[in-house]
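The two complexes that follow have chain A in common; it is paired with chain B in the first and with chain C in the second.
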Partner chain A sequence: MKKKVDLFPYLLLVPALLLVITIVAWPLIETFRLSFTNTSMRPTWEYVGFENYVEIFEDDFNEIILRTFLWMTISVVLKIVLGTIGALLLSAALPGRGLFRVLVMPPWVVPIAIGVFMWSWMYNGQFGMISGIAQRIGLIDGPFEFLAYKTSSFLSTIVTDVWVGVPLVSLYLLAAMQSIPRELHEAAWTDGASRFYRLRRITLPLIAPSIFTMALLSAIWTFNSFDIIWILTEGGPRGATTTMIIDTYKTAISRFRFGEGSARAVMILLCLTAFSVVYMMLLMRTARKGESR
Partner chain B sequence: MLYKYKWYEKLGMYAAMLVFLTFVLAPFLEAFLVSMRPLDAVFRAPHRFLTEDMSFRAYITMWESVPNLPRYIFNSFFISCAVTLLALTCIIPAAYSVSRFEYRFRDGILTGFLAINMVGAAVLIIPLYKLMLTIGLLNTYWAMIVPGAAFTVPTGIFLMRSYFLRIPKELEEAAYVDGAGRLYTLWRVILPVALPGIIVVSITVFISAYAQQFLFALTFNSIDDYNPLPMGLFQFFGRERVVYNELMAASLVGILPVLFVYIFLQKYIVAGLTAGAVKE
Partner chain C sequence: MKLKSLLFAGTAIVLGAQMASAQTEIKFINCGATDGVVPEAQNVDVAAWEAENPDYKVMQEYIPWGQCQEKAITLAAAGDPVGLAYLGSRTLPQLADAGLIVPVEMTDEEKASYQPSVLATVQFNGGIWGLPRAFSTKGIFYNKALFEEAGLDMPNGPQTFAEMVEASKAISENTDAKGFGMPAASFDNTMHAFLNFIYSNGAEVVNSDGEVVFNSPETVEVFQFYKDLVPYSQEGPVAYDRGKVEPLFSEGKVAMMVQSFGYRSRTGDVDYGITWIPAGPSGEHSTLLITDSLAVFKGSGVEEAAMSLAKFLNETDRQAKFDDIAGWTPVRDTDISRALVEKDPNWKFFLESISAGGPEPQVIDYNALQDVMNEAIQGVVLGEISPEEAAEDVAKELEDLME
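Our next item is the complex of A and B:
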């Protein structure tokens, strides 16, 4: 006799699936389809094969890919380094720790765009704080417009991205540190291990998997990051901060070349897929380890 | 004794905290100082931290220069609340389903949610724009609410699931023995117990919805009355003569509500972040 399929659990999934399929899954597939067309605002369109892909590589697309990866790598490394330091400070048993924890989080809580407005003033050469302080202590002679030059605007957008990301990384790594059994530290301390030695031999190795997970996740988030660069520079000056996302948005939304933009979006999706595969493998490995324990 | 620090260690750590906080809070300080200056002093070089002519004037005049400011703040709140409601109606049943029942495709669906979580909204903006255009949602609140909710659902399901998994199965079994229906059990027995989890999920969704309104508003909305705060203020940046002091005052006033939410509900937010939302 065939067992009757219980529909209840499936019914519970309906609202979530409906929303996610319409807004995420279907557009995902549609992006691939559009990338083989010459869709624009005009009512007619046709399939053009790989033309869009050929075209983007005739542009300076290689440069954009390189720039995106460079931007992401610097940003992620800084987030992880600063985040680890932040987590260590957050976990220190010092008076004032509670206040420190409250004050570290605002960049993550406030709307990203508003945080970036504030940064755009900080980077102002004439009237901004950074240029002002640098002049006062004699680092630079005159006003320095951070967002006007290629290298400095590239680095400035990274700094702001790090600012947005660091609170979350710190808190996540703090949680990982707090899950280390206290006995380990106590045993090492009884054996006379110094604080630095314990940090190097207990804390860091034990949170290494979390660091790796977080690095991968922030790589994915950084890759998807749009607001910061768009508000600060819109990809300029002279393309110095045009990452793949900015490039796609400009092509598709600002110039209404949906087909060509989709081909660029597909390139981003391929990169994201690569990251996701690594992430999934990592998750499954930890899950398996958890079972055997 | 394990956690007793020597004086130089303490000094070093406090110094590090100070540097860290300077980096984190400098933009807020700068925004506050700019908001306190009269406009001609804002555009005055060289940069000085404190001047004699500081006042709260911009906080009064901004309501005239940015006439739609109350509207923007309301919109931000309204959109985030709507996103949270819509997301919760999707998240709670789905999370309950994947945490309580064994069925075919369940792990596949979970993996699907996890994978979809990797894609940011900006990548999918082209089909989304066309979708909104086709079904006529451009320039409505819906264009900002529906996508906003969709992108928080996967994370929300994983977070909510971790709370449901902690509730013992016996609770439902007892309810079933008493003859309660399954929907009734979910509504009357499970949800009250899962309330702390629901609060954490709501706050996490609300804050991320509040933080990420910019892209959807920029792309899908051109009606000023519907603009959320970030987009409302962004329009002022391109102008010839930007009233920076008032803009910064408006920004600070606009983020006060979330800062209050954050300070009072900090415990829940931290729990949400660290409960293993992304990591199993």
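Our next item is the complex of A and C:
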């Protein structure tokens, strides 16, 4: 007797499938297609093969890729280090700990544009707080414009990105720390282990998978970070803060070179896909380790 | 009784809503600030047009300059154009080339009514693509008190590049302020400020035959002039666009800046003087001629009504009053514009320089032009490239863009 296929479960999947096709698959396919065309604002366009890809590598795109990775690496390392320190402090048995946990949230909760505008004023040499304090304590003898020079702009955008990103890392790692059984710490303490020894031998090894996961997620988000750089420097001065996402926006949206911009977007997609693959592989390896234990 | 009033009121609301829904909407994007005398004056004129055209309702939206043009153009490119937009005339070649805006029909009499050079800013490939709405010429605003404190004997302000450097140096060395408020951020007014000096030194970007002639000794002199001004400008010019330099001038932290006549209302307590853009060693006082225009977008379904509204707003007397309220250089030569110098003698610096002025270069990819020019200016300001290299780089990139 032939078994009747129940179509109902598949029917339930249709809305989700349509959603994925509409907002993920179609734009993705369209981006790939556009990247092989010379589409601009003109009503006519034609396929140009790999011309857009050749052209972007004839520009300073290699430099932009390297800059993007450098920006991302410094930012993510700082976020993880400061986030871990923040999580350790928040997990310490201090009075008013709950209040501190709330106070750490604003950089993440405040709309990014508002927070970044605040930073842009703080970086101002004439009216900004940072230059003012540095002058008052004698670090510099006149106003300093943080967003006017290549190196200081690059570092300033990183500092703001770290400011926005640290609270989430801290809270994520705090949750990981709280999942460590208390008995482990108590047993070590009974055996005379110092605070630092317990941190090194118990806390950090047990939250390592979380740190790793957070680092990879943070890398993907940081790689795609647009608003912070755009509001502070628009990629300047002289391209010093132009990352791949800023470069793509400038080409596709500011200059209306949709074909060339799509080729750049595809390059971002390739880089992010590489990250995702690494992330999935590490996640699976961690899961396998957990199962074997 | 109460119930009756309620029913009447309800019916009136429903009827009003029905009438409103029967009106056709004209979306009108304006680049600039939402408040102030300019939108107020325009709202009055728009209301007057609506009264004459009850079938239409104008939906105005004001968007800051940084995002405005991009939004209007993106909407049009995506097939959802607004009816009318007020934007920089530099965008018109790109919009016309892409077939996104409709040409403006003008009689010879209408053409002749505009100030010389104004019409050229909205022409491209033989067509007229916008109605000039705001015209700007530039001069130098200088702080008289700082000039005096620095011991400078320049009662009429700096008249040449050399005097401007000399004044900037003296002010920086003898007062707490800096000499020149230099905009060098990645923004359009960085290029605009620079082009004033280009034209005042007899240099050109593109000549009348459409050839790029930017790489010239005159251009190099202007880059050198900027380089000479850097030590006597506010710290870190690359972080400043014109808007950020304004508070420095009104706070007395810089003594000079390039501005249009309308800036007078924003100078704070500064005892200021106004003069021409200083003449370079190879040129005479000049200015950048720059306009913003009303452009009618194709495909909105209300092209005819939008054009009628644009022409209504741009009508000679109405536009002249609008220019006067806004403090803009008049787009037409009228009784009001002829009376301006009498009203305020400073107007002469902004009106008499028109004939010697130069236009914003008409390039289809105007954002690329701006980026190229700004990067060269920043390169010189930061000391990364020489004036010669800057002129050469820009010319080369411009040639590619023109192709």
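One rule holds for everything that comes next: the second predicted complex is superposed on the first by the 266 of 293 C-alpha atoms of A that agree within 3 Å, B and C clash if a C-alpha of one lies under 4 Å from a C-alpha of the other, contacts with A are read in each partner's own complex, and residues count from 1 in each chain.
Here, a contact is a pair of C-beta atoms (placed from the backbone, for glycine too) under 8 Å apart; a residue touches a chain by one contact, two chains touch by 3 or more.
Nothing here was measured: the structure is a model prediction, and the numbers come from that model.
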Practice task
Return first, second, both or neither, reflecting whether A:Ile253 touches chain B, chain C, both chains, or no partner chain.
Solution key: both
Problem - Which of chain B and chain C A:Gly235 touches, first, second, both or neither - result: second
Fill in the blank from the handout: The answer to whether chain B or chain C touches more of chain A is B
Practice task
Classify the contacts of A:Ile268 with the two partner chains as first (chain B alone), second (chain C alone), both, or neither.
Solution key: first
Practice task
Go through the superposed model and pick first if A:Asn38 touches only chain B, second if only chain C, both, or neither.
Solution key: neither
Practice task
Mind working out whether A:Met129 is in touch with chain B, chain C, both or neither, as first, second, both or neither?
Solution key: first
Practice task
Tell me which partner A:Glu145 touches in the superposition: chain B (first), chain C (second), both or neither.
Solution key: second
Handout entry: Residues of chain A contacting chain B in one complex and chain C in the other
Key = 126-127, 143, 253
Practice task
Over in the complex, which chain B residues touch chain A? Could you list them?
Solution key: 1-3, 5, 9-10, 13-14, 16-17, 20-21, 23-28, 30-31, 34, 42-48, 76, 86, 89-91, 93-94, 96-98, 100-101, 103, 106, 109, 111-116, 118-131, 146-147, 149-151, 153-154, 157, 182, 207, 210-215, 218-219, 229-231, 233-234, 237, 244, 247-248, 251, 254-255, 258-259, 262-263, 266, 269-270, 273-274, 278-280
Fill in the blank from the handout: In the complex, chain C touches chain A at residues 70, 73-74, 76-77, 94-95, 97-100, 185-186, 234-240, 247-248, 253, 365, 367-368, 371, 374-375, 378-379, 382, 384
Handout entry: chain C partner contacts - residues on chain A that touch it in the complex
Key = 40-43, 123-127, 142-150, 233-239, 250, 253-256
Practice task
Give every residue of chain A touching chain B within the complex, in rising order.
Solution key: 6, 8-10, 12-20, 22-28, 30-31, 34, 39, 82, 85-86, 89, 92-94, 96, 100-115, 117-122, 126-129, 131-133, 135-136, 143, 163, 166-168, 171-172, 174-175, 185-186, 189, 195, 210, 213, 217, 220-221, 223-227, 230-231, 245, 248-249, 252-253, 258, 261-262, 265, 268-269, 272, 275-276, 279-280, 283, 286-287, 290
